[in-house]
Amino acid sequence: MSTLIKQHLVVAQNASGRNMNVPLYRFVGEKPGPKVYIQSSIHGAEVQGNVVIYHLIQKLKSMPICGEVILVPNCNPVGTNIKAGEYTLGRFDPVNGTNWNRGYHFDQAFVEEFASSVTTSESIKSIKTRFRTAMKKQLQDKLNQDWGLGLAQRLNLMLQQLAFDADYVLDLHNGPVSTRHIYVPEYAQESASLFNIPHVILMPKVFSGALDEATFCPWWILKELLNQQFSKMIDFEVEAFTLEMGSQEVISFSEGEFDATSIMTFLTAKKVLKSEKLVPINMPRKAVKLKNYKVLYSKQGGIVEYMLKPGEFAAKGDVLARVLNVDNLDTNEATTDILAPCDLVAILHFPSASVLSGTQLYKCFTHYFEL
Amino acid sequence: MSTLIKQHLVVAQNASGRNMNVPLYRFVGEKPGPKVYIQSSIHGAEVQGNVVIYHLIQKLKSMPICGEVILVPNCNPVGTNIKAGEYTLGRFDPVNGTNWNRGYHFDQAFVEEFASSVTTSESIKSIKTRFRTAMKKQLQDKLNQDWGLGLAQRLNLMLQQLAFDADYVLDLHNGPVSTRHIYVPEYAQESASLFNIPHVILMPKVFSGALDEATFCPWWILKELLNQQFSKMIDFEVEAFTLEMGSQEVISFSEGEFDATSIMTFLTAKKVLKSEKLVPINMPRKAVKLKNYKVLYSKQGGIVEYMLKPGEFAAKGDVLARVLNVDNLDTNEATTDILAPCDLVAILHFPSASVLSGTQLYKCFTHYFEL
Amino acid sequence: MSTLIKQHLVVAQNASGRNMNVPLYRFVGEKPGPKVYIQSSIHGAEVQGNVVIYHLIQKLKSMPICGEVILVPNCNPVGTNIKAGEYTLGRFDPVNGTNWNRGYHFDQAFVEEFASSVTTSESIKSIKTRFRTAMKKQLQDKLNQDWGLGLAQRLNLMLQQLAFDADYVLDLHNGPVSTRHIYVPEYAQESASLFNIPHVILMPKVFSGALDEATFCPWWILKELLNQQFSKMIDFEVEAFTLEMGSQEVISFSEGEFDATSIMTFLTAKKVLKSEKLVPINMPRKAVKLKNYKVLYSKQGGIVEYMLKPGEFAAKGDVLARVLNVDNLDTNEATTDILAPCDLVAILHFPSASVLSGTQLYKCFTHYFEL
Amino acid sequence: MSTLIKQHLVVAQNASGRNMNVPLYRFVGEKPGPKVYIQSSIHGAEVQGNVVIYHLIQKLKSMPICGEVILVPNCNPVGTNIKAGEYTLGRFDPVNGTNWNRGYHFDQAFVEEFASSVTTSESIKSIKTRFRTAMKKQLQDKLNQDWGLGLAQRLNLMLQQLAFDADYVLDLHNGPVSTRHIYVPEYAQESASLFNIPHVILMPKVFSGALDEATFCPWWILKELLNQQFSKMIDFEVEAFTLEMGSQEVISFSEGEFDATSIMTFLTAKKVLKSEKLVPINMPRKAVKLKNYKVLYSKQGGIVEYMLKPGEFAAKGDVLARVLNVDNLDTNEATTDILAPCDLVAILHFPSASVLSGTQLYKCFTHYFEL
């Protein structure tokens, strides 16, 4: 059996001057193999991932592991604990609005410089080791800087130091009111079918601050640079995903077990686990390119019924939502229907019936295809 | 047909110096009859009542009315518009924590003084008219005071001025995650069965600031004082209810139509409307005394799955909820079950999976009975 | 020298399932004497009291003490840590609006029942001991109840258990933008002049949930009942005060030292400390009855300059504040002056220039007198 | 005299379905001249600019104007009205954390394409007119897009449509607790001395979403491209500034008059106004390059006294702030001093004494020079 080590990582101090830490569970396998990093709840209201990690830990305790699996549930002790009304204001720092999932580090120039240090004879293993060492040093330098660092960014960089060692990085999130979906870098499209998740967003090589991007962008770009340099096909076998495990603000132990099995199926395909039972479910999987994953904003303010449920299809012109205007309850203008601008599948919608104009009502798959 | 008059009532000014107003729809019937006052959304996230009023208005437009029906949807333009994260922080004033439904006025001494002004020969109609006039003057005096008035209280008193004219007052609310239920003053217990609402809370003659109490307490106490004074059985036929129309933060047009029909059924029984079809549904109705409507507080903080759904029964010792502790995911203490302290029916539960200790997890009927 | 014991008291758990605790510093004197209880920051943004306690601890370390002094800084680990924007939302529970200083316990019937248990021969010391024991048992019973307790109330009751043992209770607060002032029960008016605080509010025997009231009300009422019962003049020598140490959201170490000296002056007069230097400053002290401590609410919304500073006098009709209306910047109605309704001294004003109608603009002494 | 036109511009709808609008005051001069655009309070708690615009309007009413001056006070009706506790949460959208001053539009490719359309013979006037038309069409296309637009971005783009017509754009802000300072594009360094503002930040040609950048970046880049293309020195005489008028959450009418005079001095130098009295004050003006305007983050959480006041100098190693740790009040570690990492002038500091680790404690001029 593998060894389980439990630690706590101090990532911040609160206004009482007390340390805030995240729990860290590390399974070290008896046999060598890939490293896996799984975290949950960087957005404080997106808590289902903690249940998924609970089931993973309970199951991994009795399974042989090749390599290493690090699990970091509840990885944002600040965001988890900010209540505003009954809900958790966990998506951004309440002091300055910083999204907790946008402060990871990526520096294209650094990757380019590193690429130029690689020689044609260097082994993939050596490149990976050196790249990780250099990257973690860069992260540490940022963490050490004299003038300090913002709260969200420090948290992100400390987690990234752990994650950058891994070959497979899974960041567990939830949508607002949402069906299950997963963000997959385009080069790892085949891995999308290893999870039991029906909706897949294919990500280009663009960094906008999130952990998955901060993981796959450096390796992706390094691979391309080296392949150009040496005219061959290096593959680092590093992949990173953001998994959206249904809706925020709710947990379900039974769904968490299903999600854990889905992740173990992926890990089995990647040879971290061994099990004949853990094969992907035969299910339809719809995919889009990121640019076709569209946000529909409300043009009006008012009270909204979301008619189209997450996972459902609407044809162009179908009613997605109905808005009530309290000043016209006696007229034909009491309600307004919001129509689908094109054929689409709703992936998630806003979690409140009360919206201002300019609210993200729906996020939708358009021009999607079957994987 | 009745006449429909639409007005707007200025109740506050915002920080831009602009007036904030509430819409007011007044149906004046051709024939005399009782006055009815219905408002919704004094708590800004509790928006289903607006849909109910929408359906009421659409239906009343084509029905004969005896008396008068005033409908005030979205009666709190401040609370409706306070977002904190994606949700509406509509239950209390964000500046000072004042619950928007606790600033109505009731003054026992005033009722006692009024009672002593009634003579044995005065007609009920005359008493009602004089009492309303005196009460509204008292409200106006409070509104006019030199040093001003708090935001919530001014809003409450302005609405109360409208409501105190009515014989039937319905205040439309929602629970957090909730089954439908209704607060009914004990003396009006028979009216509970006129609504199609399965759970009934019977209220004693105690004022804690809400509109229903501010309506029924004065009449209840006046009735008792006069009945003592004159040793007879006066009945003012004034009733007030708080209707909880399911869960906050969501609306449903189809459920709103059901709720509107339920209210019209009540109005038919009270002779405001005439319809042979509008009779109460034959359904089980559970009732409790207010003191047996109990709050279960969490003893721990953590992430919670609410196993018992609103409307469901649990026997003493059954699991109500399961709490996950992220620091013990590898042990048997990873989860803790919260058990029912006695036989109960869950009416509502907290709307977020993330709770601190001391959170209102559930509100439950205990020692309930069938109506 | 006295002995200093440091402890931590667990008062809550956060949503991560971690304990939240308050620090507790207990000086046990070599000689017997009164017990003193001092806490700060039950309202999380009112932090100057922590600095005052810091100076007290640093000074008391080297002074002989008669009796015992318990100091509980930062006594609300929840409220201290809720940011909403850059400021601390520390005045009420962000989940439900409950004021953190309104959940203390007082039960008139309990005091009356206890009074009837006292015999004419019982010593004051015995009465005090028995009353404290009974009261703390009542608090413990509330804390232990099956269905649990709300977060704020649990915190309050746990602190009250500590405070009810004390003869002198000091609750350190701040106003919004505020001059120093102190709440003093009417029976302890003479003690007001032992502090170096220029503004004094004299409190009647009314309980509205705060710690000072929860301390002095039971003793005051018990005293009156017993004095009626036995026609004599018992005095328990228990006093409780709320000290408002200037403005919230700022601290000053130098002002904190001044405040600490003021408290030590009081403790010297009460024979807890011995020092010839610690005598009250000869200064004017203005006092009002609570009913003459008036709130001025804004009638308009807009942007406000507070012309009258805390501590300053205005005659009836003087300009207190000027409101800007952005829709009329080109007219004579661009600004509106808010005038003093009567002669007054401003004690505090609202801390933001942006106000809705119904905002507490100023709190003022009216009909005040020199102590 | 000039003509004053007052309008209101609808920029959003709130959750009640009501329009939210901004006031717009437009002075059209009798003689031709530059266009000026001045807005205030895009960050809702930064309200002093409204007072400045009030004074400007009152003064401009009686002055001849060459050209046109558009004044848009309180330009964010959403952000102005979000209270969280007593303060205004006006810096970002409370729903999603979007900074209200980061959604303006800039598209380098668009500028490059436009540059290639310019011929060597085209007049500056013609280029300016065509560029403005093209840019405003681009803004309108964004505003019209089928899937809608986020709240902050729509507001920003609507204001930018007004601003892009102007030759001089002034965006009035406040810092948290702040001395007056101004952001000036490097090419307009000489204009910095036309304002009576002691601290100047020189901005490079980088766009990060703010209005000043969205104004000067297109013109700056267009100028450089054309100067390269035609090897001459075109100057469009378009300048944009962000003025920080002291601290947020307070207004002062007298300081507002000083600030208005400062802006009128600038406008006089730019020939919009004519006055011999309106000349810049002879005062020291310190300037830094943006990269030397540094943020100092707290490394600890705790309660802080800001020792160094905005505008004050500290030498390397001087104490800037002192942090209190409530768990060590009895030891030498009760307080920790935060030292200046190098010689600096404090420009602003955080407005609350309670900080988490990673809080922006100070923003400082380093390596500054006299203008």
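Per-chain residue numbering starts at 1, and chain names A, B, C and D are given in the order in which the chains are listed.
FYI, a residue touches a chain if its C-beta (ideal position, glycine included) is under 8 Å from a C-beta of that chain, and two chains touch if they have at least 3 such contacts.
Computed from a predicted structure; not experimentally measured.
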item: Neighbouring chains shared between chain C and chain D, ordered by label; value: A, B
item: Distance between the centres, which are taken as Cα means, of chain C and chain B, whole angstrom; value: 35
item: Centre-of-Cα separation between chain D and chain B, whole angstrom; value: 47
item: Sites on chain A at which at least two other chains make contact; value: 14-16, 18, 44, 74, 80-81, 83-86, 88, 91, 95-96, 303, 324, 326-327, 354, 356
item: Chain contact topology (line, ring, star, complete or other); value: complete
item: Chain B-touching residues of chain A, taken from the complex the two chains share; value: 4, 6, 8, 23, 25, 44-45, 47, 50-51, 53-54, 57-58, 61, 71, 73-74, 80-81, 83-91, 176, 249-253, 303-305, 322, 324, 326-327, 329-330, 334-335, 350-354, 356
item: Chain D contact footprint on chain B (complex, rising order); value: 14-16, 18, 44, 74, 77, 80-86, 88, 94-96
item: Complex contact set, residues of chain B against chain C; value: 12-18, 78, 84, 91-93, 95-99, 146-155, 294-303, 323-327, 341, 354-360
